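Given below, in the form of structure tokens, are the structures.
Two complexes, one shared chain (chain A), two partners (chain B, chain C).
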Partner chain A sequence: MTKGIGNTQKRFGNFIRGVVPAAILGALAAAYGADAKYPTAKVMTTGLAVTDNEVTVGILHSLTGTMAISETGSVEAEKLAIAQINESGGILGRKIKFIVEDGASDWPTFAEKARKLLVQDKVAAVMGCWTSASRKAVLPVFEKENGMLYYPTFYEGLEQSKNVIYTGQEATQQILAGLDWIAKEKKAKTFYLVGSDYIWPRTSMKIARKHIENVLHGTVVAEEFAPLGHTQFGSLINKIKLKKPDVVFAAVVGGSNVSWFKQLKAAGITADKQTLLTISVTEDEVLGIGGENLVGFYSSMKYFESLDNPNNKTFVPAFKKMWGPNSVIGDVTQAAYLGPWLWKLTVEKAGSFDVDKVAAASPGIELKTAPEGYVKLHENHHLWSKLRIGQWKADGQALVVYESGLIEPNPFPKGYQ
Partner chain B sequence: MKKAAVDENRSKDGSWLLGLAVLSALIFIVMPLCFDIFRLNLVGKYLTYAFVAVGLVLCWGQGGILSLGQGVFFGLGGYCMAMFLKLEASDPKSTAIQSTPGIPDFMDWNQLTKLPWFWQPFHSLTFTLIAVVLVPSLFAFIIGVAMFKRRVGGVYFAIITQAVAAILTILIVGRQGLTGGINGITDLKTLHGWDIRTNGAKYVLYFINAGLLVASLLVSKYITSSKLGRLLLAMRDKEERVRFSGYDVSNFKVFIFCMAAGISALGGAMFTLQVGFMSPSFVGIVPSVEMVIFTAVGGRMSLLGAVYGTLLVNFGKTYFSESYPALWLLLMGGLFISVVMFFPNGLAGLYDQHLKKRVAAAGARFRAGRAAGLKTAPAGEPPGMEKTAATLPGGIPGKRTKGPKQPLETRP
Partner chain C sequence: MGGYTFSELGSIFVMQGFSGLSLFCVYLLMALGLAIIFGQMGVINMAHGEFLTMGAYTTYFMSKLAVDHFPALVGIYFPFAIILGFLIAFGMGYLLEVLLIRHLYKRPLDTLLATWGVSLVLQQVFRSAFGAREVSATLPAWLLGSVKPTETIDIPLNGLFMMGLTLVLSLLVFIFLFRSRWGLKVRATTQNRVMSGGVGINTKKVDRMTFAVGCGIAGVAGAVFTTIASTGPTTGSLYIVDTFLVVVFGGAASLVGTVASAFSIAQAQSVLEFFLTSSIAKVLTLLTVITVIMARPEGLFTIRVRK
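Let's look at the complex of A and B:
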């Protein structure tokens, strides 16, 4: 009820602001801000937290718990993007204010905080989530409360929602071109698939196997999954030595990653003897694993910090200026940076903060200033993006050895299910 | 002396009921009036943990069996409910995009083409409602028989329950085609055609939840004040003596452990309904230990204290994490440390320390007024039992608790 009164007041205020001084101060108003052009009553009709000079968004990541180390980069990137947007004049004349909530690496907490952001704070959009599990937990909340989520992580696909924009790659974008490249470049015929045991590696390996067998006409010599948090890869490494595959294709995540690569090196499996392509190592992970343990191995990602293009050359220094010279930027961090920018462009195209209009205006949005280069939003709310293969160096940076063309996102790939 | 003891017991029960009435008023009237549906839904979620805390008062406070794996039973109850809801949400029409329509989405991702046999009966709501309580109780029975018949107790039992929690988590995460893995069972929509996501449904579920909690409290109170309850206390303090008196100690332990499991499972099922999903993060060691903390904060001997403790800790968690997203874990840690250091008996102990005298005075006045009318005390007590009650005055604060809320009203 209070909201109704607030709206009336706002509408009345806008009326005053819009009509009375317009005749006298029209030019000044236009120069001052977008209030006159975009009155609150017009750009927001659904009770979102939008005032005449502010719009509130939520940032929902794990600041504590096991995922904090991964998600911190995303929070930093989102804050940077918001600061830059505010510097450049905001959205429809309004500055972005953000509310940070901690999902605490705990999926029900994510759902609780998502509901809080949408129901209580009435945020216009949420930048957030990292793991698939957290996204799965908040998805019903976003659909029920009609919120807008910008989700940054590369993930397994098999999902599409009006209420989510996926700024990371779905599995086929990340896997197929990488496998094509390695099959061609290394004449690879036999593949050993290794992953952590949960939905993303499982789905990724399913797609990889179909592609290897049906398209590349190679052989999958083994497919192994280690439990999450597993640290003893000795027997697995022995099996790899026995099978001598042309390529080890890996999706080991989290703490396991460190043990996995250290034990590979200790067992003498290094890049000069064994080709390894992973889809789960970004600059952030390398920081934990140590570049020296990875030298020469390949990662399949859409973004590397070392990308050589003008957008990235302004993005990387800006990020380091804000978050310190030792910070690194991984694939997901960059994807998180896209969220606020894509939202800004979409809101401006829609001329409205309303979620339904933003969702409808999303397809076709082009972001030319993305650090990864040009991206475009597909009708299925995923991004058209390129794939890069990076070869790791001892200093923790990657040498980009291959770049694909723009790949169409396809979260429900036919023939790969 | 006998008469005095019975008299005292009676007045204690009376003030406990008063305490329950105050708690019920708080849950049924004050909270729904004070909070909007979002906050109320959160309170509902907290109250589902209170089931576990009440169960822990029974088996830990009363029976001396410290279980660090109560999340297992909470989780099993929740999963049973979630399986039913998931099957209902996965009708062939809404899952038409899958390779095998009609099965839950995560099964399809894991290349399953047929519903596993143990999912089949969860098409039935009746079966589900029975399974919610029965499956966890049965599981507790198996663990209980295996442990208590072999006289495994104390720390060893705590460690084993913790191992069970770890095993079950690994099993659920590992067999993701059958269980939904680490994501859990998500995207639950309707209960027998009734949309559980609407605000109206949330109100209804809140009150059902609160009603079940009060019922659990009453049943638990009945148990603790019965002969069985006193036997449990005796077992906790001098197990050998009870055994030498001819009682089969293990049977009582198994019973109270199953009881605690069943109550926890109710909480789990209500959790699934109110929050809309279930995940292995409620089965593991961390949530199980957290639930022990709720009980400890409330006072492990006090049934009502357990509910207050759960509410306090969870309100704290939500409040701190919303206000100080970067610091809140430290603040919660501070809260726990100060509880252990300054109020080792929890909220109930706090009450005992500071307000008990006032209550005693008020109680004496009350008794004095009633003494004239009370001529014959019922003499159903077996000899020796009133002695147990009478010789355990200080060590069992919960038994002495005269309802935490009464003193507040006697305050000036």
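Let's look at the complex of A and C:
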């Protein structure tokens, strides 16, 4: 009941704020250039939370629970992007307001909060999710309620939706070029695959194995998965010592990652004796692992904080100014930063906040100011992006030793399933 | 054996034995504190892991203090961190006993729920206070790297240190329980509370001290675990299941049982992991433990008492 009254008041408020000034104070409204050019009735026809001077978006990440470790950086990057967009005049003359919801590292909670943002708050877009599990949980909600999700994490691919823009790499963009490089550079023939035991490492290793066997004509000497949270890698490390692979290809995540690298070092497996390429270590993880335990190992990512380009040189200081000099920026944090910017460009191209029009206008959107460099949205809602190989230094930063050209996203790679 | 030389296989055998032993030390360190609390007092303390986390964070902050302000002390802070880790966990354990546990001694199942709640609260406190990111203590140089008795054998230094400490700690716990007046009072209270009170033992004081010592030992374990793993708000929960498993499998009231159980579970896990995979090793170990407990519900070792 209360809600009904609220809505009526709100609608009446919209009427006062929207129609009355337009009709009576038309001349004055012309001073607010954007409003006159983009009247609310024209840029939004589907009941979204858009007023004459504000548009509301949602930020949906885990602020508590085990995933908070990883998702904090994404939230920080999204808030920075929104603040910068507002400083530079907002979108279609409207400032972005955001509502933060906590997915609490719990997948049903993510779905519930997504529904709340879309149905109750009527947000125009959501920046959010991190794990594939959380994305899979909210996907049906976004498709049913017709929302727009900007998803930042590199992930296993095999998905595409009208309602999702994937600003991270899908599996082939991260894995194939990385393996190609290491096979060529290190003349690698034998590979030892190690991952945590859940969907992303399993799918990634499946793709890696196909590529190693069919394209690189190498051998996978072993493929192993440790349970999530595993902290004792002694036996696994001994097996690696026995097999002596040319390359260890790793996708260990979370707290396990720290134990894995600490114990590798303690067991005498260091970069001068063993080549190791990982797809699960960014600057964020290095904070926990400690740069000294990673020296000389390689990460395959699209972004490193140390990237030397003009966009990144303005992005990094801005991030540190907002979130403190000790904050670090990993691959996913950067991808999260792209979300609000891509959305802004898309809305401006579409001339509308309506989800259908934004989805339709997405392919072909080019963002020239991305810290990772130029990116472009593909028809499949993923980004064209480059792949970089970074070699870790003791100070926790990576030296970029290789950079590919722009790689076309291909979430459903043929011959890899 | 597939083209490997004899010396290679020998080295792997030695290193594999060592990795089994360090896993044994991890299990034993975790289980010692719980063996006292659960074994002696019968309190199911689900928040045991969080006391471990306290010890780990203490070590992290000591290392940060040393690195930031007293670089000369980086080499020697670690033993002090262990002691401080013990004291902080001891103090918090004492507090928890006074505020909560002592009201629940007659309701063991409620203890389970209440301490689980405490564990969730503590996890969020850690997260709010220290941040959600996992952190790593800067270790002194003498804990990093490995010794090489031969060209192909690497024995990790942190593993050696952990073994030494486990040995010392087990001895101390043994002396505390079986060779000190305190231990005598603890065991008397466990066996017959009313009678103990009758002969003049302050059983409430005994409870408080026992619980706090158990928590303190968890703090020591946490401090030592910073050498092998990272520290985060949920670090403790990673270990809690294995800890209960070790204590229950060994026979709740027996310290020797805890040692034997930690040893057999660790070796089984480590050997199976070498020949199979980590996940399968875990499953097989758990299945074995379940089978044994079904056959012997009281665990491997029991103290015989007249019923």
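In the analysis below, the second predicted complex is superposed on the first by the 385 of 417 C-alpha atoms of A that agree within 3 Å, B and C clash if a C-alpha of one lies under 4 Å from a C-alpha of the other, contacts with A are read in each partner's own complex, and residues count from 1 in each chain.
Everything below uses one rule, namely that a contact is a pair of C-beta atoms (placed from the backbone, for glycine too) under 8 Å apart; a residue touches a chain by one contact, two chains touch by 3 or more.
All values derive from a computational prediction rather than experimental measurement.
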Original post:
After the match on chain A, would you call chain B and chain C a fit or a clash?
Top reply: fit
Subject >> Which superposed partner A:W107 touches (first chain B, second chain C, both, neither) >> reply: first
**OP:** Mind working out whether A:F412 is in touch with chain B, chain C, both or neither, as first, second, both or neither?
**Re:** first
**OP:** Quick one: classify A:D284 as touching chain B (first), chain C (second), both or neither.
**Re:** second
Subject >> Touching partner for A:D354 - first (chain B), second (chain C), both, neither >> reply: neither
Original post:
For A:E78, is the partner it touches chain B (first), chain C (second), both, or none of the two (neither)?
Top reply: neither
**OP:** Could you tell me if A:D197 is touching chain B, chain C, both of them or neither one (first, second, both, neither)?
**Re:** both
Original post:
If you stack the two complexes on chain A, which partner ends up touching A:Q120: first (chain B), second (chain C), both, or neither?
Top reply: first
**OP:** Pick one for A:K136: touches chain B only (first), chain C only (second), both, or neither.
**Re:** first
Original post:
Given Cα centres, how many degrees, to the nearest 10, is the angle at chain A formed with chain B and chain C?
Top reply: 50
Original post:
Which of the two partners, first being chain B and second being chain C, lies in contact with A:E170: first, second, both, or neither?
Top reply: neither
Original post:
Once superposed, minimum distance in angstrom between C-alpha atoms of chain B and those of chain C?
Top reply: 5
**OP:** Once the two structures are superposed, pull the chain A residues common to the chain B and chain C interfaces.
**Re:** 63-64, 197, 227
Original post:
Inside the complex, what are the residues of chain A that reach chain B?
Top reply: 63-64, 100-102, 104, 106-109, 111-113, 115-116, 119-120, 132-133, 136-137, 139-141, 144, 156, 158, 197-199, 202-203, 206, 227-228, 412, 417
**OP:** Could you pull out which chain C residues touch chain A in their complex?
**Re:** 4, 8, 12, 15-16, 18-20, 22-23, 26, 124, 127, 131-136, 138, 144-146, 148, 154, 156-159, 225, 227-230, 232, 234-235, 238, 269-271, 273-274, 277-279, 281-282
**OP:** Note which residues of chain A are touching chain C in the complex, please.
**Re:** 63-64, 66, 68-69, 72, 197, 224-227, 229-232, 234-239, 241-242, 254-255, 258-259, 262-263, 265-268, 284, 287-290, 292
Original post:
What residues of chain B sit close enough to touch chain A in their complex?
Top reply: 36, 38, 41-42, 45, 97, 99, 105-106, 108-111, 170, 173-174, 176, 181-184, 186-189, 197, 275-277, 279, 281-282, 318, 321-322, 325-326, 328-329
